[in-house]
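The next part holds the structures, each set out as structure tokens.
Heads up, the next two complexes both have chain A, just with different partners, chain B and then chain C.
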Partner chain A sequence: MTLETICERLSLKCKCCWENLKREVTGGYAGDLLSDVMANSTAGTIWVTRQVHQNIVAVASLKEHAAIVIVQGATPEKETLDKATKEGIPILVADMAEFEVVGRLYQLLYPAGD
Partner chain B sequence: MGRVYRCNLHMHTCLSPCAELDMHPASIVRESIAQGLDVIAVCDHNASENVPYVQRAAAGTGLVVIPGMELCTQEEVHLVAIFERLEELEALQGTVYGNLAGVNDEDAFGIQAIVNEAGEVEGFNEHLLIGATGISLNRAVDLIHSLGGLAVASHIDRPAFGLIGQLGFVPPDVPFDALEVSAGLGIPQARQRYPELKDYQFITSSDAHFIGDIGRASIRMFLESPTFAEIGLALARRMGRYVME
Partner chain C sequence: MPDNDNDRYLQGRFEVEGRDFVDAGLVSSRIKKGLKAKGINEDIIRRIAVIAFEAEVNIISYATRGTISYYILPDSIVFEAIDEGQGIEDIDLALQEGYSTADDSIREMGFGAGMGLANIKKSSDIFEITSEIGRGTRVKSTIMLNGK
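Then we have the complex of A and B:
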């Protein structure tokens, strides 16, 4: 599934790197402790978090995530968007809470529930 | 000219909800002196009302009390801010309270007592001091510096509220004046664990919440005199001042 489809289905606002929304998503990861995300997430995943600090871009870039979803309608810092633009990592903002975003994303990515 | 001073740049008082009530100003001063400390910085969670009382309790004893606060940033990273003057700390306090939501629940989080140098309760802080402010880490460090203070990331190795746990690594463009490693890890081991942080000054502090913990860690600093300005020089390793590792 592409980021574009996910954005549309979850009503996510794309804050940067529109050009990369054709990217394929292979799975998802949720976490607000960046040390945990660095240790356990995998490439190609869409990462859901409440953190907005610029370090999220470095983590997503290092782990080759497809995109970052910021929840709860939080505003990413300017430095975060600047870095994300440079690294080509789309930053998507959801108005929903983390639980709801993850639940909907899971249903989209794994429709059979497996 | 100079000599070695023993400094503990991060300890709490009974104002912090998670600290014991025995951590009142006079008892902190007594125990700090008993532990051979020359300089302490009082850093309660997002609060500072007990600092002047600890300073008064220390008046005439020779113990130097540096005004400070341990603020919790929006990323839930703990950050120690220390200042030369109370007014600078009070300016930070204004911004912190303007960005700190919620009311304390004593049963859930603990009592936040403002206690004077005579051990009398002056009042209770009603803010949710255990909470996180809405101030980002980068902005907090800039704010502390603009007020003339020093910014030290607290217990960077600790899984809860430590910089590395929360943000994965030390953001290279945030100008920390030092990084604190927890007493349990200690500086020599921290140097081995974090070779990539070799350019940062490390310190260790007791981060005491209980009287019995006040002496559990400190740093020895080579200073000309036990002042805030000299501590700043030592953390920056300037003009012959330094932290002994």
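Then we have the complex of A and C:
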């Protein structure tokens, strides 16, 4: 499934790197502890987090994530967007809480429910 | 000091400043790009990315400054982080997942969960750490290239 479809279905607002929204998403990961995300997430993942500072871009870039979703309608810092633009990592903002974003994302990515 | 034996295999050496969270990940990213350019196996690069990022964040979080070097040997990749700083009082404790001495400012950013050194150890084939209170810490990780 592409980022574009996910943005549309979950009403996510894209804050940068629109040109990369055709990217395929291979899975999801949720977490606010950067070491946890570093250790356990995989390439092609859409990462859901409440963190907004620029170090999330370093993690997403090193792990080759498809995109970052920031929850609770939080505003990413300017430095975060600048760095994300440079690294080509789309930053998507959801108005929903992390639990709801993850639940709906899971249903989208794994429709059989298994 | 880095192992002199390895110096001819040195691929890169980078300085890291303590408390410089703005640039956190920069050195790891350079090492990752360097290994990619050398055609190193993707799985190995992923492991080294974890090692490099955690070591880099450790220097930024706890040390005054440090040096990160990496080497490509015929049979392995060696990663080394040497810092000047407070050192680690109890290494066994520091290696326990969940143990951290990070202050609130570090934790608020999602660091300091006490997973850094454990992640480095898990991602390494050979993991060595030495530390001296008031002087600094040296972390050396070896990742074997065979079986790729």
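By definition in this document, the second predicted complex is superposed on the first by the 114 of 114 C-alpha atoms of A that agree within 3 Å, B and C clash if a C-alpha of one lies under 4 Å from a C-alpha of the other, contacts with A are read in each partner's own complex, and residues count from 1 in each chain.
Please note the rule applied: a contact is a pair of C-beta atoms (placed from the backbone, for glycine too) under 8 Å apart; a residue touches a chain by one contact, two chains touch by 3 or more.
Keep in mind that this is a model prediction, so the values were computed, not measured.
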Joint occupancy of chain A by chain B and chain C, clash or fit: clash
Partner chain in contact with A:51 - chain B first, chain C second, else both or neither: both
First (chain B), second (chain C), both or neither touched by A:104: neither
Which of chain B and chain C A:33 touches, first, second, both or neither: both
Which superposed partner A:77 touches (first chain B, second chain C, both, neither): first
More chain A residues in contact [chain B versus chain C]: C
Chain B versus chain C as contact partner of A:59, first or second or both or neither: both
Clashing chain C stretch [against chain B; choices 2-10, 38-46 or 56-64]: 56-64
Intersection of chain A interface sets (partners chain B, chain C): 32-35, 38, 51, 53-55, 58-59, 79
For the chain B and chain A complex, residues of the former touching the latter: 74-76, 136-138, 159, 164-169, 171
Touching residues (chain side chain A, partner chain B) in the complex: 32-35, 37-38, 51-55, 58-59, 77, 79
Complex contact set, residues of chain A against chain C: 32-36, 38-39, 43, 49, 51, 53-59, 61-63, 79
Footprint of chain A on chain C - complex, ascending: 21-22, 24-26, 28-29, 32, 46, 49-50, 53-54, 57, 109-111, 113, 115-116, 119, 122
